[in-house]
Amino acid sequence: MTNPIRVTVWNEFQHELEDEAIGSIYPNGIHGAIAEGLQAAGGFEVRTATLKEPEHGLTDEVVANTDVFVWWGHKAHGQVEEAIVDRIHKRVLDGAGLIVLHSGHFSKIFKRLMGTTCDLKWREADEKERLWVVSPGHPIVDGIGEYIELEQEEMYGEHFDIPQPDDLIFVSWFQGGEVFRSGAAYNRGAGKVFYFRPGHETYPTYFNEDIRKVIANAANWASPVDRPGRVTGNYDPLEDLPWYDKKHAVTEQFGDASLR
Amino acid sequence: MTNPIRVTVWNEFQHELEDEAIGSIYPNGIHGAIAEGLQAAGGFEVRTATLKEPEHGLTDEVVANTDVFVWWGHKAHGQVEEAIVDRIHKRVLDGAGLIVLHSGHFSKIFKRLMGTTCDLKWREADEKERLWVVSPGHPIVDGIGEYIELEQEEMYGEHFDIPQPDDLIFVSWFQGGEVFRSGAAYNRGAGKVFYFRPGHETYPTYFNEDIRKVIANAANWASPVDRPGRVTGNYDPLEDLPWYDKKHAVTEQFGDASLR
Amino acid sequence: MTNPIRVTVWNEFQHELEDEAIGSIYPNGIHGAIAEGLQAAGGFEVRTATLKEPEHGLTDEVVANTDVFVWWGHKAHGQVEEAIVDRIHKRVLDGAGLIVLHSGHFSKIFKRLMGTTCDLKWREADEKERLWVVSPGHPIVDGIGEYIELEQEEMYGEHFDIPQPDDLIFVSWFQGGEVFRSGAAYNRGAGKVFYFRPGHETYPTYFNEDIRKVIANAANWASPVDRPGRVTGNYDPLEDLPWYDKKHAVTEQFGDASLR
Amino acid sequence: MTNPIRVTVWNEFQHELEDEAIGSIYPNGIHGAIAEGLQAAGGFEVRTATLKEPEHGLTDEVVANTDVFVWWGHKAHGQVEEAIVDRIHKRVLDGAGLIVLHSGHFSKIFKRLMGTTCDLKWREADEKERLWVVSPGHPIVDGIGEYIELEQEEMYGEHFDIPQPDDLIFVSWFQGGEVFRSGAAYNRGAGKVFYFRPGHETYPTYFNEDIRKVIANAANWASPVDRPGRVTGNYDPLEDLPWYDKKHAVTEQFGDASLR
């Protein structure tokens, strides 16, 4: 595609303001660090949005002009308004991409799209995580070696209560003895969803070059295709059914004519 | 398993009471016809429940003693209370089975579990449906030939807005020119979900022997395995992390100890 | 099913005869230990077969009377005759089950069914393996806890060059830092295939109660459904195509009428 | 990617030379028509190769400089040499793409990669095919409407003996009463495979603009990612196992350093 992909990086932006140590790791916020990584990768038009902005920074206008959302949240999931979740949900099913990071596993939008609890085991023990690539031809791992090693991260352990991924991309090894499906790709409606595990707020994970590359690859992969909106509702036959009186129903056009 | 599988057949039970023609096709209700099919198949302990009963007939006690739910609804989806949907949702993720029939594609419980709109095309034209088996070794098609033919059914057409099935079992051909993924199996949490398309209220579909066989097979397939409840939450390392102070946290026991 | 499932446990049976230490771990051969486990589980009619028997013990008659094969091989994969591999391959596609264990990842029959190299990393370092359940509702993990721990096993590491499993059941953690998709279920033709990693010849893994339970569960899961053989070849239309002269072709009946 | 994707369109090129009617539909051969479509789409460096050329036109040099293969064969599958099939098979598992068209379902390379018989039902009755999109966000359907209609095509019917696709993109409706999974995407090794049904030699299908768009989209989707070759074989631990003597084994480098 010749046009830049329009990415909106959303962050609840609480930890960085409330905790000095975290604030010093992410002086521009977690969203800022992620946005910088995307800018450096090139090919994206990046904006950011945070919880405390009006409509969480996710107005109709912003959402309608976003191809791919990146989502980081943790302690304030409950403060995200249902109407905004509805808006993102619709936009993703209509074709947009959504990249859910780390503690975003418990965000309303991710749980809504998955249909499961998205619960898991966790531990903050400054331990090593090694993310092994198990889908070596997937565009999300372009430029990535056999594994990504993070010296210190929070542990997330199985069972991770998600639907079986359409493509399982990474599996993590943790020093304390657990494994985790840490890169999981889904098709939902006309949209694409990628869950990527790393990024606890107390570590500089979003400055890691491999992690940035994965997020940029995922944003490329998740960008919308150019297709007419889906048609649903009462539908006249395409073949002749002589006994049937055509309704010439105005079928519902599902989604916008096109996202791009 | 030696114990009978406990099945609860749920039906909104509106069409049969309000429309004489439909009532004469299903004198015992759609739930009655489905329950008779399961009784005839054997190996099940079957009860029924309907919308107008207290708590829609799905009390805590009933839900806790149900291994597999069968769900038929159409015009009254909106009358099903959220609290009851929560209850069924939790029970399915904890390991129970759920068989969603026909217009149940728009039920709250199915949409909640799928995370998508579950929308589709439809037409009532008394046309032929032929359900082709595309997963020939799946237990749900035990005893079924290459296809099931229904002389008259409502049409459902693609795109059907569901997640890609974990196993796609049937694909339907319709006389008017459409196709439909009409048998779709999912794992969700520790539970199993099967969507099966046929069964418009104006046709005697649930008396068809093949349709009954598929539903009975699905109830067998969807019955819970016998495992301890899932453990989530803060979790001590299984390997020694010398620098880490174990929390001996009371991790949350997710789900009952066992469904059976 | 009321009839016992007919299982044939195949082993190349070389290590046990050639290496005294291994022979003392498995005095009745690896096949003997596996067969004992299945006998103890109940519901199976078990026989064994080994490489040095005529036709490797897998005559037409044996194959035609086997519902599920269990396969252990390592150093003698190359000695298995193509004609026998053809026979098992056909039987599996016609509906039989196949459970491939450990070093059987490099067997001719597994590579033939997968279509990939089935290569991996390995290490013999007497290290710990912990198999985490990631598909908690699958019948293969009935009766199994959150994980299976084996104090000493050979390491197998990713990338494991297999098609993405239809159901991923177990993911292994290894002490040396690797992960592995160690329980992988596939549908192939009308048959079912389960790859299960543990069982290096120098460890008593096939006496472990959890490992035995998984193999018995897998044999139940993989047993054939009862359906007519698949029909292929030139096929007359089911709908009227007035311009077309029906061939009344003798279509090929693919597979036996039924495996059971 | 800035570099053009290097595509090799392979055709057995027999029908066009032996049958005048077919030759007049495809004066430059089926490969010629497909290559023209790719050229018109842009972004590709296209060459063609045919059966009767030395090494079927698929020399080591050609294969090493191909990112994506397109494959059309029908009556001469048996004449394709095993050594050439080995070469393509290895190249695909190392990361190349493979687009298998129509009667290529019975080609050696497709059967090798699938591991199944790839058999199906067929009929030449000049009937209508309608390919419905069932994966609306997949890059292979970029620019494609709800369905593609072909006035006359050969029928292929289920059961199609392939592994369940990693992504099912199209399902076909046929006038005579059958359905078919007519667009099926797979990951195999580090490579990608797409089977696309249309294109019987007696119809001008490869001049259809939608069909050409799908093939061009598939060639883009199937192009290799840029990653180091996979590492397999004996592998030293990444974590310290104090009792284990590192082998410093020369592990096998699997695949070239990179395909691009």
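For the reader, a short list of remarks on this structure follows.
Each chain gets a letter, A, B, C and D, in the order it is written, and its residues are counted from 1.
The rule is simple: a contact is a pair of C-beta atoms (placed from the backbone, for glycine too) under 8 Å apart; a residue touches a chain by one contact, two chains touch by 3 or more.
Small disclaimer: the values here were computed from a predicted structure and weren't measured.
Rotation angle for the C-alpha superposition of chain A on chain B: 180 degrees, rounded in steps of 5. Of all chains, the one whose CA centroid is most distant from that of chain D is B.
Taking B-C and A-C together, the chain pair joined by more C-beta contacts is B-C. If you average the Cα atoms of chain A and of chain B, the two centres end up 29 Å apart.
Note: centroid distance chain A to chain C, computed from Cα atoms, is 37 Å.
Inter-chain centre distance (chain B to chain C, centres taken as mean C-alpha positions): 30 Å. In chain D, the positions touching at least two other chains are 130, 135-136, 146, 157, 159, 164, 166-167, 175, 177-178, 187, 189, 230-231, 238-239. Remark: chain A residues 95, 130, 135-139, 141-146, 166-167, 175, 187, 189-192, 224-228, 230-231, 238-239 touch chain D in the complex.
Partner chain C is touched in their complex by these residues of chain A: 130, 132-136, 146, 157-160, 164, 167-168, 171-174, 177-179, 181. The touching residues of chain A, counted against chain B in their complex, run 93, 112-117, 119-123, 125-127, 155, 157, 159, 161, 163-164, 166, 175-178, 186-189, 230-239, 241, 243-244, 247, 251, 254.
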